[in-house]
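Questions regarding the structure given below will be posed in turn.
Labels run A, B, C and D following the written order; every chain starts at residue 1.
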Amino acid sequence: MEQKDDVIGLQSTPLDVNAAVSDAGGSDSGAIALFLGITRRDSAAGREVISLDYEAYEEMATAQMRRLAEEARRRWPISRIVMLHRIGRVDVGQPSVLIVVSTPHRAEAFEACRFLIDRIKAEATIWKKEIWSDRSSTWVEGHGRWP
Amino acid sequence: MEQKDDVIGLQSTPLDVNAAVSDAGGSDSGAIALFLGITRRDSAAGREVISLDYEAYEEMATAQMRRLAEEARRRWPISRIVMLHRIGRVDVGQPSVLIVVSTPHRAEAFEACRFLIDRIKAEATIWKKEIWSDRSSTWVEGHGRWP
Amino acid sequence: MKVRLRMFAVLRERSGVSEMEIELVDGATVAAAMEEVGRRFGAIAELLPRAVAAVNLCYAKAGDSLHDGDELALIPPVSGG
Amino acid sequence: MKVRLRMFAVLRERSGVSEMEIELVDGATVAAAMEEVGRRFGAIAELLPRAVAAVNLCYAKAGDSLHDGDELALIPPVSGG
């Protein structure tokens, strides 16, 4: 079951690392693993990516993230999960996805955090379009492994 | 080689997660993995641990952490490393160790972060004493695998 | 029967449609619905073989039957994170 | 020869010594130095078998020879993190 104090969702405002870590903390946690995905500089044929525009099928992406949190909780002894993804414009160098998992011990924190980011990237209904310095744009095709 | 912008050391002041993440960020990084070790509540025979007192052989612990950073950089393509450990009194629920690794892609960020915390816990010359609610204290014996 | 169609990202942009209602024969499969969408929106016909479908917020198989009132979403390869 | 001895955590507390200079025969090994420390500080003799040594900031083996001016640290099981 997803716990009521998990924090899961999509947001158009910047991701707040400090808030997420303090949401994930607690006296039953000995370990917090955090992953932050950052939009990378990219260039091709003399032009540069200046920002990314994230679009989501929001109802489904949120439902997927909640189901992934439940699956992680069945696999590992998790205290709290924070799982947030940006939508809208994200400049190069800014974080687009934030996962925080707190657990009693460190092995399971790393494993659960890795599981969540891998599955979100492969499955969640979120897309990004690269906005180039010449004002052109390209939809990025991921390497999802859909069911 | 350790990079001049790595942040490595022991400190008696609280660990600052936001500062560490922004120290580790950069336009060449696509992934940041972070580990935070937190002093856990512990109890035995009706008494509770209220805080931990960390002591270090500081010159050696710092040298070890620098050598571990160099080793991690030989194994993975790392942009930046932040590796900080508390000394002195740390209350239950507060972080005692913070590792941040930024890399181009996520797999190596998780692997390098896990490598660093595992090796620090096993090898670094740092000890903790549990301070109990009845004012008694106990040195914790880790499960180090010394060379 | 009526099914709510939703399209995202490159499919939304090239078809010009993000959400609409389509009429399908009762019990039509996901595959039949996607063929119908390809006929209506020629601009995305070539993209549909790389897309998958979701029905009511869960990924669905080509052979799954649709029901009146279902929400059918066409999902190009995802690229979140 | 003279070696700088450093002790930490439970060894420091029970011996009452964190740092001192000890005199050893030239070329004494780490093991010989630890025996000497055990003789001088009976309160920690029982703890020394679980401790290891570091010489000049690196872990050392029992058979390693010490040199004049070395820093020899006695390291009880570490418990950082």
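Definition applied: a residue touches a chain if its C-beta (ideal position, glycine included) is under 8 Å from a C-beta of that chain, and two chains touch if they have at least 3 such contacts.
Because the structure is a prediction, the values reported are computed rather than measured.
Touching chain A and chain D at once are the following chains: B. Taking the mean of the C-alpha atoms as each chain's centre, chain C and chain D sit 73 Å apart. Separation between the centroids of chain B and chain C, computed from CA atoms only, is 49 Å.
Chain centres here are Cα means. That of chain A falls 24 Å from that of chain B. Listed for chain B are residues 37, 117, each touching two or more other chains.
Across the assembly, chain C contributes no residue in contact with two or more other chains. Pairwise, the chains that make contact are A-B, A-C, B-D.
Those residues of chain B whose C-beta lies close enough to touch chain A in the complex are 17-18, 21, 25-41, 92-93, 95, 102, 104, 106, 109-110, 113-114, 117. On the side of chain C, the complex with chain A involves touching residues 6, 8-10, 12-13, 50, 52, 54, 57-59, 73, 75-81.
Of all residues in chain A, only 37, 54-57, 59-61, 63-64, 85, 96-97, 117, 120-129, 139-144, 146-147 touch chain C in the complex they form.
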